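I am attaching a structure below and will ask some questions about it afterwards.
Chain IDs A, B, C, D and E follow the sequence of writing; residue 1 opens each chain.
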Amino acid sequence: MDKSQQLVATDSMDGELATLNLGPTHPATHGIFQNVLTMDGERIQSAEQTCGYIHRAFEKIAERRPFNQITTLTDRLNYCSSPINNLGWDMTVEKLIGIEVPKRVDYMRVIIMELARISDHLVCNCVIGVDTGALTGFFYLFQERERIYDMFEEVCGARLTTNIGRIGGFERDFSPELYNKLNAFLKEFPKRLEDFENMLCRNRIFMDRTIDVGPISAERALNYGFTGPNLRAAGIDYDVRVMNPYSSYQDFEFKVPVGKSGDTFDRFNVRQEEIHQSLSIIRQALDKMPAGNYHADVPEFYLPPKQEVYRSMEALIYHFKIVMGETDIPSGEVYHAVEGGNGELGFYLISDGGRTPYRLHFRRPCFIYYQAYPEMIKGSMLSDAIVTMSSLNVIAGELDA
Amino acid sequence: MDKEILINAIESKFPGITETSSEPYGLLTLEIAVPNLKALIHWLKDDEQMNFIFLTDICGVHYPNQGNREFAVVYHLHNLEANFRLRLKTFVGRENINVPTICEIYSAANWMERETFDFYGIIFEGHPNLKRILNMDEMDYFPMRKEYPMEDATRTDKDDRFFGRDGNENVTFDNKKALAKGNNHG
Amino acid sequence: MAEIKIADAPQGLEGEGFFATKIGDVIGLARANSVWPLPFATSCCGIEFMGTMSSNYDMARFGMERLSFSPRQADLLMVMGTISKKMGPILRQVYEQMAEPKWVIAVGACASSGGIFDSYSVLQGIDKVIPVDVYVPGCPPRPEQIIDGVMRIQDLVKEESLRRRYTQEYKTLLESYNIK
Amino acid sequence: MSILLIIKIVIILIIFIITLVAAMYSTYMERKVAAGIQDRIGPDRAGPWGIFQPLADGGKMFFKEDFIPGKSEKWLFILAPGLAMFTACMTGAIIPWGGTLTLFGETFNLQIANIDIGILYIMGFVSIGVYGIMIGGWASNNKYSLYGAVRASSQMISYELAMGLAILAVVMTTGSLNLGDIVEAQKGGQWNVFYQPLAFLLFIVCAFAECNRAPFDMAECESELIGGYHTEYSSMKLGFFLFAEYINMFISSAVISVLFFGGYNFPFMHDLGLSANAITFIGVAVFFAKILFFIFFFMWVRWTLPRFRYDQLMQLGWKALIPLAIINLMVTGGWLMFKDDLWAMISKMF
Amino acid sequence: MKSLSNRSIEVSNKKMTFMERIYLPAVIGGLFITLKHLFMKGATIKYPEQTRPVSDVYRGKHVLKRDEKGAERCTACGLCAVACPAEAITMTSAERKKGEEGLYREEKYATVYEINMLRCIFCGLCEEACPKEAIFLTTEIMPANFERQDFIYGKDRLVEPIDKRVDVSNRQTIEVVTQKFND
């Protein structure tokens, strides 16, 4: 920063500051955040944020929907990595009810969640590339993202808003086709990723654009409630997967990448390394995939197999009860956190035993850390502000709930 | 750190502060009266032993039939090094709906408190910028309170006959249930 | 939105005449192949839009790779994602800023009708604030569906008379939305 | 005399049309190159392989509502795109497009105006070129436009210096400011790029900056400034701005070819035993091939590199390019001054 | 702060070597990568001329199935409507009359069955909720359209044509398919 300050007058000529309205329809704000910047030439003096432009009242809707329908809501929280939200929600309900899922389900979930994490980080890093002006990397990596979509589609039938999990396990087992796709992906994706890295990571233009841009110290980041890659970029290796392992994450060997100073370059690199770590986790999960059922044996909560519904009366009654949401849910309150694409995604669920949650609060990492943005961009240039925003990976659905 | 040490430390530092304590699903939950809340959280963060440096979450809950304990504010704190989570709860009534802000302690609390205010109208005293965050400034009610409907009145493509939508959710469900039950023998 | 389908002006002396009609056809064809979109991408559908732009689907084939984030230069407003009531006025403002001729496509359930978000804060379909030409169902739609929607727009553009923007019907349509 | 006049007018018209068509199809080429680099297809639905795409864009733009923002400076707003287009087209006048042609007994150059200070003329018009952008950005009364305009003007001014100094080295080796002479001096594969590689590198970097092309597209960089200086422009005014950009690129490629790659010269051109006119025609074709390559290079770079930041761009211009250009100039000067002595010394030593 | 996970690695190297400082090697490297891609085969699928294969379980447009004899399977139980998070399904039921056995499989049937496709989020919960093998999602994608009311799909567009049956066996479990085979 000090270097560039030599070139730009630090005090404005006549004390006149401009107000610049960044967003909500600015290309870099993805149409949903507004930042009113006070500018001194190209330098940002202060920023004021407005959000809520796509507030959709998730929490209110969740109070009126039975547990299984809430999965469709969680899809749309962080839509870059919907499966993590879906499965996180399912695990929360399982925790509330006290369902033990088979090891196989855990491993299947790990594979799906890590794929989702890769797709999330891909979007973020591609967008950093796009916002620094290197569009081509976006096109290379989005082809790989399509393959992840194909795999999701193979499991659940949809690409983005997956609705992938069920309380107690999966809707169906992994198909052989999926394993083919997964193996092909594991083989070819690293090469593409390498292309992308070679184009950007050590290119001085890119490094100049990102190093010391939008930094945040570890202490401030913690105080601001940062989690996930953004916190790790600041040097703190907090990862829910390690600290409070869920879904058998304790069975896997992986490293937690950290950065030095929490700037854009660190965030980029941490995400990039996490992609590699996720790949390694997927490989391990594939190697160690245990035999067993793809869902827990909980007839009160997991829909009976269709062939029985069509025939047997008992199964039909269960089926009706589950779909109508008439099964007994224990009352109580539970907090469950998973490591989402952007950090600790928490579900705070209060149940009063009814068919819908009494209160469901989502701890949305984006919402919490985005408030640090004005502090991070103060004194930097307009271009920095944009790169910082994309490297924070603020997902609108998660921000505004 | 474990549960006993924590409770004892709190007891010795702030005697009688804990109204109730429980541990639903392995997460220690303490109920604290409003006046003591801020001092306690401050101490929990700054004390080297306690070291709750991370504020995970703040949210509100509405219990319409609880008189002067109608609204709850729930705090989730996290001691990262010991990996210990703590839930604090405090209750306020509709008349005296003030809770002290903890913005100075955790910067993260700023927006979380604004969100809680936006949803429930809980006033965080001393908050630097307590205004709506997600909803429009013009909104004249607090939408997450249980008495307000979820739906938007402007939806036109829904046939109310099928959903029994007179602002009463239960009718919907009963209608459908009746519809479904009649064919159970199928 | 019944007003969208407007018959061509009657041909004859006062009408567009033979020559003008031919020009109209050619320009319609040109317009159809050069629809510059303004992506108003707020949520999930925006990611699928990125997918549509990307190599596997390549929206550039339709002459659409130049995204114009400036409303002045855009021909097609693609509304992708939930539009809340807070966002509604902004969407409308963007629409008003666009230069004629302009078309609107509502991509996905949220933009078209609110989708699952039947809640106090969400606009139940953007056609409450701006006129919509084409709706694309899906939540989010596959890139194929988005392309399909774009091709419907192209059909519309090709057929549209050059004078449509001056017709009474069009003015009535805009007036019904209180625009201008 | 009248034949010469007619032929000049014909040449002017041909060059004007070629420039426009080249600019038009540069947009097409840009799309196709980008698509190729990005594993895509690019426009393919407007005519076979999408070749009517530029026509479609143009046709659309002509019939788009011409919007003038309410609070803008109306006349300047209208003037700006015209100025940008005008200056862009004017530069083509002194490019030697080919050698001499003998028709109807008259011999003439394939150049509109062979002026002795051709290089200064180019520099002059390039400097005026920024006025279009600046005026347009300022007149729009939009902050983003203004940022774009300010960035563009300071960038142009900074990079002109390095560009001028880089050209100076070439001028010193050739000893002429006349573009025709510079091309003639590079006959027989004696291309300047071999003698002045550093000057070439500096020049091409500056050319990118002068054309507002990535990685120096500060003035419009859409992820930051939406459209930069042309944010408020619609219809054919926008078309003029975009057109001017591509014409600039075309002319820059031509200038690069002229200054460093021998213009219409090609190796062994006089050993083939062809008639003078035939050589001229081949020369023109070769020249266009060179231009085409550089246009491609412009695009290739654009779709590969990230963009500089405004202050880094300035830093590069003032702290790296200008010193390098001066060093290059001094070394060139020293070499020209003492090369005879040096040769003498070397030959004495052995 | 001490390490929380004991397995962290630092991944940020901000020191530039001389070669990295002079821009050119990285620039040329990047140019070669993009050039390589210029000569690679593209990834584009030319929709609508070509279509990309979708998975067997893709959740697209709905279909109301008929049974083997051509009678509508739907019994208007309303479970799909209850299960729909978007409340996009509406139906009215009626008792089957004598002589209509060939038309409707169960004693009750839906006289009106409408799905608002603009509301629908294609989550597949209706398919999952159906106890009668009546409603399925298909791999056919939903087309775009001009008018809002065109998206209310009634029975005319949902029920499979009797001469053009829709095969959904790929989205059913093997058990269901074999069961039917044994019938």
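We take it that a contact is a pair of C-beta atoms (placed from the backbone, for glycine too) under 8 Å apart; a residue touches a chain by one contact, two chains touch by 3 or more.
Please read all numbers here as calculations on a predicted model, not as lab measurements.
The chains touching subunit D as well as subunit E are A, C. Comparing the chain pairs C-D and B-C, the larger number of C-beta pairs in contact belongs to C-D. Taking the CA centroid of subunit A as reference, the farthest chain centroid is that of D. Chain centres here are C-alpha means, and the one lying farthest from subunit B is D. Mean C-alpha position of subunit A lies 23 Å from that of subunit B. Centre-to-centre, using mean CA coordinates, subunit A is 46 Å away from subunit D.
Each chain gets one centre point, the mean of its Cα atoms, and the points for subunit B and subunit E are 37 Å apart.
Residues of subunit C found to touch two or more other chains are 55-56, 58, 61, 67, 69, 86, 113-114, 116, 118-122, 125, 139, 142.
Residue numbers of subunit B whose C-beta contacts span two or more other chains: 80, 83, 134-136, 143, 150, 157-158, 177, 180, 184, 186. Each of the following residues of subunit E touches two or more other chains: 1, 4, 27, 30, 33-34, 37, 42-44, 46, 54, 79, 82, 85, 87, 116, 118-119, 121-123, 131-132, 148.
Applying the touch definition to every pair of chains gives A-B, A-C, A-D, A-E, B-C, B-E, C-D, C-E, D-E. Listing the residues of subunit D that touch subunit E in their complex gives 33, 35-41, 44, 300-301, 303-305. Contacts from subunit D toward subunit A in the complex involve residues 37-40, 143-144, 147, 214-215, 217, 221-226, 303-312, 314-315. Partner subunit E is touched in their complex by these residues of subunit A: 65, 68-69, 72-73, 75, 136, 140, 143, 150, 153-154, 156-158, 161, 163, 171-172, 175, 177, 195, 198-199, 202-205, 207, 211, 218, 232-233, 236-239, 242-243, 254-261, 265-266, 269-270, 272-273, 303, 305-307, 309-311, 316, 319-320, 323-324.
Across the complex, subunit D is touched by residues 26-27, 29-34, 55, 58, 60-63, 65, 67-70, 72-73, 75, 99-101, 162 of subunit C. For subunit E in complex with subunit D, the residues that touch the partner chain are 27, 30-31, 33-35, 37-38, 40-44, 46.
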